[in-house]
Amino acid sequence: MAKDPRETRIEDLPGPKSKEELEEMKMPYEEYCKAQFDPGNEFSKPQSLKGIRWLSTTMYIFTPHSVSNLAELGADVIKVEMPRMGDPMRHCAPFNETYLYPLHDSRPMTGTGMGYLNANPNEYHITMDYHLPEMKEAFYSLVKMSDGLTECYRPGTFDRWNQSFRFLQEMNPRFIYVWGGGFGYGPKCFGGSYDILGQAHAGLASVTGMHEYMGGHPLKHSNWCIDWYSGTQITFGILAAIHWRRKTGLGTMIEFSQVQAATRCLGYAAPLYGRFGIVRQRWGNWDTQLCAHGIILCGKSDFPDAENPQDRLEARYAMVSAFQDEDWKELCAITGMKDLMDKYKSNNERAEGEAQIEIYAALEKWAEDKSRGEVCKTLQDAGLLAEPVCNDREYYEDEHWRMRGTVRWMDDPIFGDILQHGTYASGLLSKTPRRLFWIWRPVGADNVKIYHELLGYPTKTIEEWYEKAWL
Amino acid sequence: MAEKRDIEINSRADTIDLMNPDIRPWPVTPPPSFEEVMEKTYAKRKAEDFGKWCEDNLRYEYCWGKPEALQGFKFVCCGQWRMGNMFCSGLLCEAGAEVIKVEPPGGDPLRKLTPFGREEYKLESKITGAKCGLDFLHEMRGQKSVTINLETEEGRAIYKTLCSQVDGVIDEMPPGYMDSIGLGYRDLCEEMPRLVYCNIGVRGTWGPYKDKMSKFGQWTLEPFGGCANAFIHNTGFPQDQLPRGKGGDPTRSGVWFADFCAGEQAANTLLAALYWRDEMSGEGQFCEVSGAECQNEILDFDISWYGFNKSIKARTGAWDPNLNQYEWNPCRDGYMMIGGQTDRLWYRIGMCIERDFPQFGRLIHEDPILKEMGGRNALNMLVKTYTLTTRWLRDINRTEAETKLLEYEIAAGPVLFIDELSEFPHFKYRPWVCTIDTDHYGTILFSVSPNAYAQATPHRTKVLGRPVGYDNYEILQKWCGIGQTIVNEYIEKGVM
Amino acid sequence: MCDIIWCKKDFEGKPCNTINYLDPYCFWNWEGTINCAECGAVYYIHMIQGKMYRGPEDRPGEKPDTSPLYADKPLEGYRFYGAGIPDRTRPFECLPRHIYLGVPDMVKFSIRNRPVRGWRPQAPDGGIAGSYQFNWDLKRLSPDVYEEYQQKIKNGEVTEW
């Protein structure tokens, strides 16, 4: 407000203040979004977590991803790996086919498998055999100058090496310490875990896949989804702890069980069992609560002549959704399911098991002589919701994701031309967007940068440690 | 223990309430005691000290006496139908924030959903009598419910006042809807420059493939996200293992998984933006997450693989194409997961199976290709390894397999169903499903937040479920200064 | 006998000695005939929950319903038949490409024809203690690939997407 309340100033009035603002207010919503997020210009904007430094003594996918989220949001991250070998995930590639070279100079024939991708972007990669007493000083120095650490060793391992939370807290009371693993304290404390174990053990597999009478078995979510999803939930714990530390100046320790995170997303399974004793089962490509709302098999592929079998054989599935009564009526009218329209009037009636079986069988019968594209187009033209089940190539080629900047090519400083679908896809921010500097670095690539430039060790010492394989 | 009593069953209706935890308490058998765990678990590893420290500092039961990380943060959540906004706001509530869930006067339609259309599996509020579906109830973790009809001018004014009180807004309405009624980010940001605003969508609220509505107004819901981002294409048994149409098809997740991915990243995005606001700039901003993108982000390397050599990820059922062993296969009473890829673990698995089934050792350990870690991952080798593993598994049940494999310290676990996992000793000890007493719905079994085990600020579920509009009076009085008389008028007029 | 069929028929003057693997998901509950990948003998099997309820019984002269995905010969150094060999094993259709390598694919250019470091060996380029800089000097380290790239640029093969 102006000092004199009688004075009217343009900036105190509601509405646009300049020609540019007026234009912005009139802009169609979509253009406005595009201008706000402005994909491709991330580097002209600041970073959300500027100034946070995190240590990552992690392996595989789950715990690395809890840190990669921070690194994409602007935290400085130091990833510590075992000398020469690196993270075991570096030795993992789909069907053993896809590697980027080199792992590091002394192993010219070994590469880093694509399995490592997206889990450790933007980080400085150093090596350290930190359980050696000789390396303790360097490790503790890093702890003193960092905000937190994520580790994934078997419980008690870091404690034996005098570097668990109860030791580090004394050196740095602001320290946020994360242990991520399979189970956490309790009878199965020392049980090892992987993504797939979480899916199996925690109930997710029991509700995914075709039902037994359809010929199916419990099914795994594609690759390591639960590792990634659980890692993201750790990030949430870390960010909340950082906010609390802003107020109190105190750190914390978070003990996070990846297996448990898979139980967390089971929705009504726990309350339904707890109250009624009903055990949730798998229900294939349909929905347990909505109908029609499922994926159907169409008669023909959209790309019958393609060379790639995924295009040629698999472009046959369409998601059809018409669970509201008007949509359902329209769907029945188009597909000639008049009798079913009269038989099942409400979503609750349609969602009954027997009804679903009958409805989807009729839909697949209707789609028997059609391609996926024809099915979708017919229903879309009638104003209904139907979309193809797309594959990776189709995702890559879709203009939508390119416009949003969530699929893009990047010129990696060490590894060259990489198609990238991580980082930008995890959320758009108009003022402090996520961004990607590099996909990963060779094992020990930043040893000089960290040990020499940050911790001040002479290069001669670093070389000596390297020769002894302490680094 | 509950007392014994006689019951009479004349129809199915008489059985429905028999499993109620008030009648049949959870867990049915008690979890192991601390002393047992100390003796059988920590002491065996010579980690008594460490084990005790963990239990003293991280135990779930102690969370109630500790502060909350996000105390003082406030959010408004305006979304319907989907899990994204529910999961996001639930996470924020568990961490201590206050979240108002704005619902249309009839309630979020998600409240009406119930498995297989069974009305009897909804729960009724003892106070208001309103029924609520379990999916909604389970994700309503402390959010307060306020009903507002955003189609009315008064309703929009109330909504705007609520927004003026908060740090962040979660918007999961159809693309451009809030903007079209003058309540989008660009309408609010001028008066509320510190506001962080996050859209959640399935494929997004802008761009050529943004979320659609049917001509009758039906929303795009999961699994449309998984269809767009190749998750479903990449999940399922191949037709080479099960016939197409009979299990060998691309398959969706059993839950609305892309929604959960979007919800957690939305929560992270909000907290990161708030950190930047509070620590550095004082400014709010506009954010967006979509289920399809957040889930695609976690599809490993799949799109990059296409950019490398035009490979299109193919589904591989319950086997992983990158690792051996890393799968589950059928056993006598279900399915057993086994994992161990490095030489050290690989040979341990072999030794374990060989003890019962000597032929396994011979055929697996002698084969020159299987001696090399990379070579083991080839498809042919998966077929061989898993055929022989299952030959062993088919004669034993899950518990036997788990016991044998754990003796060799192999990461192994059974495929468990919800009833089994609710009684699994570790899970009820920790606990990660637990009962909560609610004033509206009685005792409910729920999945505990995995962030609940922390030294300083554990997350916790304080409330589960909320009837529609239950907090109208409190919030309007406290946040908007609007008293009950006017609220009643609004309710009468359909504004609330 | 169980979910492998160890074929011991006489074949070309000696026992066949081939193990045909009946992979678990396909054969867990299955009834029909299957051939030996080596000698072609046809067996009838009926499996219920992974156990051989009936069989394997000889069905000479019958056309098999299916074939194993994989078979090997432990007595001959584990010589094997992988998936997709006509008349021996059944094909595995659900693959990421029309070809299947199973070994590292030596890639020098991405699908839009720009250099990507997907081949080995790479010329050493590290400094002290394995340190790396933040660039890849293709011209110096791999002049042949650099040349090939220049050709691709000239031919207009390098694209944006």
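Chains here go by letter, A, B and C, matching the order in which they are written, and residues are numbered from 1 within each.
We adopt the following convention: a contact is a pair of C-beta atoms (placed from the backbone, for glycine too) under 8 Å apart; a residue touches a chain by one contact, two chains touch by 3 or more.
All figures in this text were calculated on a predicted structure; none of them were measured in a lab.
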- Message: Quick check of your reading of the touch definition: is the inter-chain graph here a line, ring, star, complete or other?
- Response: complete
- Message: Need the central chain here, defined by C-alpha centroid distance to the all-chain C-alpha centroid.
- Response: A
- Query: Greatest Cα-centroid separation from subunit C: which chain?
  - Reply: B
- Query: subunit A to subunit B: how many Å between their CA centres?
  - Reply: 14
- Task: List the centre-to-centre spacing of subunit B and subunit C in whole Å, with centres computed as mean CA coordinates.
- Result: 36
- Task: Determine the centre-to-centre distance between subunit A and subunit C, using the mean Cα coordinates as centres, and give it in whole Å.
- Result: 30
- Message: Give the residues of subunit C touching no fewer than two other chains, as numbers and ranges.
- Response: 25, 28, 93-97, 100, 102-105, 110-112, 116, 118
- Task: For subunit B, jot down the residues that touch at least 2 other chains.
- Result: 237, 239, 242, 305-315, 317-318, 330, 374, 378-379
- Task: Can you tell me which residues of subunit A touch two or more of the remaining chains?
- Result: 93-98, 217, 308-310, 313-314, 409, 417-419
- subunit C touches which residues of subunit A in the complex? 93-102, 104-106, 108-111, 127, 217, 307-310, 313-314, 397, 402, 409, 411, 413-419, 438, 441-449, 451, 459, 462-463, 465-466, 471
- Task: Note which residues of subunit C are touching subunit B in the complex, please.
- Result: 2-4, 19, 21-26, 28, 49-51, 69-70, 72, 74, 77-78, 80, 82-83, 90-97, 100, 102-105, 107, 110-112, 116, 118
- Complex contact set, residues of subunit C against subunit A: 25, 28, 93-98, 100-105, 109-112, 114-122, 124-136, 138, 160-161
- Message: Residue numbers of subunit B touching subunit C in their complex, please.
- Response: 237-242, 305-318, 329-330, 332, 362-363, 366-369, 374, 378-380, 383-384, 386-388, 390-391, 393-394
